[in-house]
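Read the structure below first, then the notes.
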Amino acid sequence: MAATKQLMDYAVDEAVDAFVLLKSADVRTAKNGKQYIALVFEDRSGEISGKYWDASPEDIENYVAGIVVHLQGKRENYQTHPQIKIFHLRLTTVGEPDDPNQYIEKAPMSRADMEDYINQTVFEITQPTWNRLVRKLLAEYQEAFFTFPAAKTNHHAFQGGLAFHTISILKLAHSVVKQYPDLNAPLLFAGAILHDLGKTIELSGPKSTTYTLAGNLVGHIVLIDGELVRACEPLKLDPQAEDVLLLRHMILSHHGLLEYGSPVRPALREADVLHQLDELDASIMMLDTVVEHTAPGEFSERVFAMDGRRFYRPSEPKPKES
Amino acid sequence: MAATKQLMDYAVDEAVDAFVLLKSADVRTAKNGKQYIALVFEDRSGEISGKYWDASPEDIENYVAGIVVHLQGKRENYQTHPQIKIFHLRLTTVGEPDDPNQYIEKAPMSRADMEDYINQTVFEITQPTWNRLVRKLLAEYQEAFFTFPAAKTNHHAFQGGLAFHTISILKLAHSVVKQYPDLNAPLLFAGAILHDLGKTIELSGPKSTTYTLAGNLVGHIVLIDGELVRACEPLKLDPQAEDVLLLRHMILSHHGLLEYGSPVRPALREADVLHQLDELDASIMMLDTVVEHTAPGEFSERVFAMDGRRFYRPSEPKPKES
Amino acid sequence: MAATKQLMDYAVDEAVDAFVLLKSADVRTAKNGKQYIALVFEDRSGEISGKYWDASPEDIENYVAGIVVHLQGKRENYQTHPQIKIFHLRLTTVGEPDDPNQYIEKAPMSRADMEDYINQTVFEITQPTWNRLVRKLLAEYQEAFFTFPAAKTNHHAFQGGLAFHTISILKLAHSVVKQYPDLNAPLLFAGAILHDLGKTIELSGPKSTTYTLAGNLVGHIVLIDGELVRACEPLKLDPQAEDVLLLRHMILSHHGLLEYGSPVRPALREADVLHQLDELDASIMMLDTVVEHTAPGEFSERVFAMDGRRFYRPSEPKPKES
Amino acid sequence: MAATKQLMDYAVDEAVDAFVLLKSADVRTAKNGKQYIALVFEDRSGEISGKYWDASPEDIENYVAGIVVHLQGKRENYQTHPQIKIFHLRLTTVGEPDDPNQYIEKAPMSRADMEDYINQTVFEITQPTWNRLVRKLLAEYQEAFFTFPAAKTNHHAFQGGLAFHTISILKLAHSVVKQYPDLNAPLLFAGAILHDLGKTIELSGPKSTTYTLAGNLVGHIVLIDGELVRACEPLKLDPQAEDVLLLRHMILSHHGLLEYGSPVRPALREADVLHQLDELDASIMMLDTVVEHTAPGEFSERVFAMDGRRFYRPSEPKPKES
Amino acid sequence: MAATKQLMDYAVDEAVDAFVLLKSADVRTAKNGKQYIALVFEDRSGEISGKYWDASPEDIENYVAGIVVHLQGKRENYQTHPQIKIFHLRLTTVGEPDDPNQYIEKAPMSRADMEDYINQTVFEITQPTWNRLVRKLLAEYQEAFFTFPAAKTNHHAFQGGLAFHTISILKLAHSVVKQYPDLNAPLLFAGAILHDLGKTIELSGPKSTTYTLAGNLVGHIVLIDGELVRACEPLKLDPQAEDVLLLRHMILSHHGLLEYGSPVRPALREADVLHQLDELDASIMMLDTVVEHTAPGEFSERVFAMDGRRFYRPSEPKPKES
Amino acid sequence: MAATKQLMDYAVDEAVDAFVLLKSADVRTAKNGKQYIALVFEDRSGEISGKYWDASPEDIENYVAGIVVHLQGKRENYQTHPQIKIFHLRLTTVGEPDDPNQYIEKAPMSRADMEDYINQTVFEITQPTWNRLVRKLLAEYQEAFFTFPAAKTNHHAFQGGLAFHTISILKLAHSVVKQYPDLNAPLLFAGAILHDLGKTIELSGPKSTTYTLAGNLVGHIVLIDGELVRACEPLKLDPQAEDVLLLRHMILSHHGLLEYGSPVRPALREADVLHQLDELDASIMMLDTVVEHTAPGEFSERVFAMDGRRFYRPSEPKPKES
């Protein structure tokens, strides 16, 4: 794949000719009564949408999420939003690339490196209760933790995104505890590792991610709290002991506000810090993508997850570091 | 106790001479630098506050929460709020009544009757998963369920208040499912019984009730969800099976709004109904007390738990029923 | 009509062949510049929408609200929302059913039964002022009260819906006053009967219901208050006497919050209860419809009148009652 | 009274020796258990509060609202709020001034002038329905309209304040209709005259003003709407005719927002303008008083009716007009 | 142009045949995949939109904002919103009118008259610091001040609108200071003249108005504050002297609420009045346009800048003035 | 000072005997009419309040803010808030410590170290415009920048707090740009250094800090923007050039929300990050103080600057780092 031009590399109005993955394919009815397919194309550089007009029943049967296709078209902007105008689309033939895994966006860190980083941090959780609970829950949800995205959309919505997001927070947390030594580092690290682990139950998996019934009716915050309580049994821990309650509180309060789904607001310094670091990493990741998709000297489209704000990409490139 | 006049029976400006329980006794410093004790007197008819000025160190040692005392004073109104102006206060002597249990406000239904009603309703939970979970959790928390108040203040803040409040909701629920037969009665009943059971962990007990650390850091909604998940283990139930999730959702969403501490909003008809019946019973109980403490033809003080509204007690008594 | 399959009975993808009423017919321009008619079909089982593409001027003249037509098509889902894909539409011919009244959704209780129930309740209003005001206003608006819907859309939007909604509240009110005997039953019943009577002035009538100018500029709450004041004159009542003010307050405060159009918030126990019962009945009626239109194991579309929440219909049918 | 120094004329720390009216006198208990009287002194220049410590039962009987007393003390500031430190207080003796009416703050316009202005404006209401309704309601509430305050506190809380506030709005309205000739002047004038007339029912009267039961349970906005509907009967007007509805809407919407007690938001240009002129006059009147009570170069205390803002009084006097 | 029928004069369904200016021309893709141009036509009477379907590449090149075209079509209503159904559109030929300036909507007051009015008012600013700052900044931004619109859309969105809006406020201010003589007239006038002057930097110019980068990143309120500080240097004024701060505060607080972009809330009587007069003039101007575009007896579309309210145009014409 | 026990070292109920600084001394009237002085004692370890009852005129003259006094008393808790019960207070005599500077709380970093850190960071601002503006403004406000507190109360309310808070943010910023290399480091550093520099104009100085008139009427955000614009003149920079606008935007948007006084919301990635780092440092500093003042196993009082939340101090000390 090395030499091939990636989806995100095409300039506006440039012709596109590439193998890409169909990330999603929704059949809709146009206002003229005919059907079209709203497609999202993906490769390792990112994703971009396009509309396949006047779709025949056969097209609808062929072009479904999860397969690799050959795409010819043009990179355009639709209301400052990038899209592909499709000229020609076809299934791959024998000998052409057809492995979806080669086209899925992944975390910019290998799984092995991520596992190392997490294991290293677990050693730093020197309080035995927290250490045991973290080990136990990580062991149970290990596979999903290292492959699931951190969200359906918005930020870290790629394979391995959940672990990558967790590690980004842990890196920030390491800087913070160094700068503010009164903070309880083991508590902050344990909370950071578990805070989003419930997403492995809330979301359906790394591909074509949707919400599960448990995700919709209970939510990842309370789901992982339930699993933590359940893990106390074999570890012979009292779920109402102070140290267990502190860790449960870290998880439960990490959305910061009741309106955002936390049943309690942060009442520990470390819980407040975890909430802030979570927001900091999520927003930078989101804005990196937003700014990258905006032309220099222009404002982005409204970013819904950032209160509908539009962000400016300066016309001048950023200065060289000293 | 039968012939004795009760605290709530005294009219404004009437002299008070009675044995009463000290429900709480907080030592404070007056603006002139001297200490006084802010007391709350209680008997089975209710509670009323009074201030014991210029308290000596000995007074402070004597007059503590939980003991029966002899009170002489006058029933007054302080800014439309009833209080006792204390003329004389003393400890009881030998032979005088001194059993605090005789002076504690209790639910207006005997424990036996409450147990009967709950047991009867459990029979109507015809879905096996919900029936087993309700039985298991009730068995574990039975003693507390029938003795704890439903809240520290506001409504049902008396011994047995938790079970009584639960039963009031169940009675309303029986009327509602009869009128709207599409509703899932067993789900509504199971949710109603468990919805506040977490208060047995959130609150410290039936007397001098305070919040526990678990109550402050986790909250009764998530505490009982955790216990429910734990109860699945011996019952060999999957906490993520649909029927278990439905019951968990009933509990988790019963505050109605995220801002009120529910991590999810009601997404089942029965969950929405449970939330509404909970509010209906709580508000009527609260307003009954408020109106009872207000003179005919007057507005009450602001009721904080009802958005600070003031309620009017009509000057005319309510008409006889036909 | 007995043997005919009703609109609500068709399964997804099932062919439809039926006589139905055109409830509404709005001519719109498609994005391709051509005109189409957005139709709503109705029979006694409910209503469902469909689009008639490429409408000729003659079609536009023919297919207007209020007539019976013959419809051939297919029951589909458009973004989880049911609709009819129209294959063929035609006017009825001689001998075919053409009486719109046979296809209008009606209250699930006969008018005679509704009148009986209301009359019965009026007897229970034992306070003379309230009894006379209720009789007088019911007499004046009787015809509209028993035929109007309770709203343009959302809940009880069918013929007789206003009286049916009022009766549902009265039934709940009867249960509540039995359970909480301190409540003033006659006041609650009188308030319940009058609370929405202003809708007979606010709305245009039982069919193709729209808002009147009086509805838009004054609103049903204040409209019925004005009529009540006017009714005092022949009854020789002082509109500022306490008992009249209590009843006016019941009506004026029944939306609960100023933001919802009540000029005063409930300041009587009975006013607060009326507000809550109004919401309880309206929300259950709305959700019954929503859930009925949702497939088992699926979430409904967002329900705007319930804060945009989506509701889940469990995949398992509800358990048999014991 | 001419030569006497007025209450508002005393500087901070200046000795006060004057006859003044007791506007209000509330008996309260100090934190040391003794009683004191919270007094408000008034004369035609305004009002100022003071505390009478260690009040004997005789003092409490003597110093009641509505009498003239002789006051000796010192003008002080308590947390930037002006007050009188009382040195000596006594009842008046024979021959000393004792007519409360000589000490009541009044509108800065004579009643005769106010009546003239209103009559003059009624002539400009050239639409017959509005003219007749305004005349009829003014005739009924004339005495109260020209003597009541416009509010219990905050702005225009003086005798004649209701009419004076109405006239201030009418003056602004005359300027506005001259500048924006598309506005319907007769509608704006009629609405302005009636907008607060319901205060004659909502408030108890010109002295020691409190809210009536009608004021608390219905409110001045709906009260005057009811009276307007009632006035239609003898005038043989239909309360649902367009011109009557326009006038009702002017009154009903004049608080601008539902949250402020209007059952409908302004839906007529003139209704929106009336709301804005009402706010403009009320806020200027309130701020004139606030700034007058603030020392040059200082910020006022928080003004609750203006969202708790503090207002600055510049240290330099305002420049001479050209 | 005198005899020609103007755009705003056409009735619904009337044939249109006129030379008009293209105010804006946005190319969009229809749901059928073809391109169309969303046009806004303008002449001195106002503006109206229309869609040019199935646009060829040549059409797209021809029909761009800023040129005069010949339009044939029909005046229609699309969801109560006026629009032109285009029958035929063509470029102008030699000899036909082609000067865009003849078709631009302008302030209803000549530039000379506006300059006179402003100059006259500057004389009334008798405080020397304010007078010098106003003169200095007006001199610098004179050309833009008299030609820019007051906003991109909503109100005063026409050439000269900024100066016209300023003058309207000044006229209201003159009435107000006459009625409330305690107000500091020179401060109010100086603040009114400068309050929106920053729009000359925030907006791109009188035609095809857009926001500049300075407008987006800083905003007109802070931009003019910066210019005022800069103007202090040559005038040898201290930007932190009290009189300069008062004027800066007038500008900075004129949006009234922090949520509306003012960094401080009004803390001077005159600042509060300026904010209210700004809203009064803006809302009347907006509603005059809204009502003019609404048929008698109908409600307008929702007006977004007025909280989405709809406004009613009475069916009866307004009465003659007396 | 080394061996002396510091104010923050005393346990509850321990006797206090120490020289301390009077940080503030407010004379108030008790409810019994006598005067007392509300004192705040300070030394380098922090501050604590106490009340001096029954103050004579001489006491009031003696005990004023800014002097060193000798204090004997007892460390108590008043509603979980620490205070000193004063037994004896006297002025210092000859030979006793009396230098206020020895008792003022200071930044935990020397001025020389802070200057070094800032100078070092300025070198990393490799974009010339930003570098020059930062140097110019730092040079102008240098003395105040290194001595002022960062706020009147809440966080960093000590001498040198402004520079120390700025440096804390810069340290966090260095970690963040290392972790997210797409961020524009020079812009983030320049914005961080200038973001609160306006506090040198908004606040009165390092001792007995109050708000200046400029602070109240303009606020520190806009004040420093004005100074930046003024600084452009001698540096021959255009205040509306893109690079200057980017830096102005960093300052103007750093409060994040309009409601918090920023006239614009962050529209640059770096501006959003600056806002978040500002909050992170401020909240950790505040909570460190809050938790330090709370007993192990207890909740703190409500922290107003953190939405009134209470924070828990775990009963167990935090675990040793690995």
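Details
When the chains are written out, they are named A, B, C, D, E and F in that same order, and each has its own residue count from 1.
We take it that a contact is a pair of C-beta atoms (placed from the backbone, for glycine too) under 8 Å apart; a residue touches a chain by one contact, two chains touch by 3 or more.
Keep in mind that what you see is a predicted model, and the values were worked out from it rather than measured.
Where touching is counted per the definition, the chains common to subunit A and subunit B are C, F. Steps from subunit D to subunit F, minimised over paths through touching chains, total 1. Chain pair A-B has a twin interface among C-D, B-F or D-F; that twin, with over half of the contact pairs alike by residue number, is C-D. By count of C-beta pairs in contact, C-D exceeds the other of the chain pairs A-C and C-D.
Mean C-alpha positions place subunit E and subunit F at a centre distance of 45 Å. The centroid of the Cα atoms in subunit A and the matching centroid in subunit D are 60 Å apart. Looking at subunit E, one finds that residues 30-32, 213, 216-217, 242, 246, 267, 299, 312 touch two or more other chains.
Contacting chain pairs in the structure are A-B, A-C, A-E, A-F, B-C, B-D, B-F, C-D, C-E, D-E, D-F, E-F.
Contact residues of subunit F toward subunit A in the complex are 123-124, 126-127, 168, 171-172, 175-176, 179-180, 182-187, 242-243, 246, 265-269, 272-273, 276-277, 279-280, 283-284, 287-288, 291, 299, 306-307, 309-312, 314-316, 318-322.
Residues of subunit F touching subunit B in their complex: 30-32, 34, 36, 51, 53-54, 78, 299, 312. Across the interface of their complex, subunit B is touched by residues 29-33, 213, 216-217 of subunit D. Interface residues of subunit D facing subunit C in the complex, by the touch rule stated above, are 201, 212-214, 216-219, 221-223, 225-230, 232-233, 239-240, 242, 245-246, 248-249, 252, 258-264, 267.
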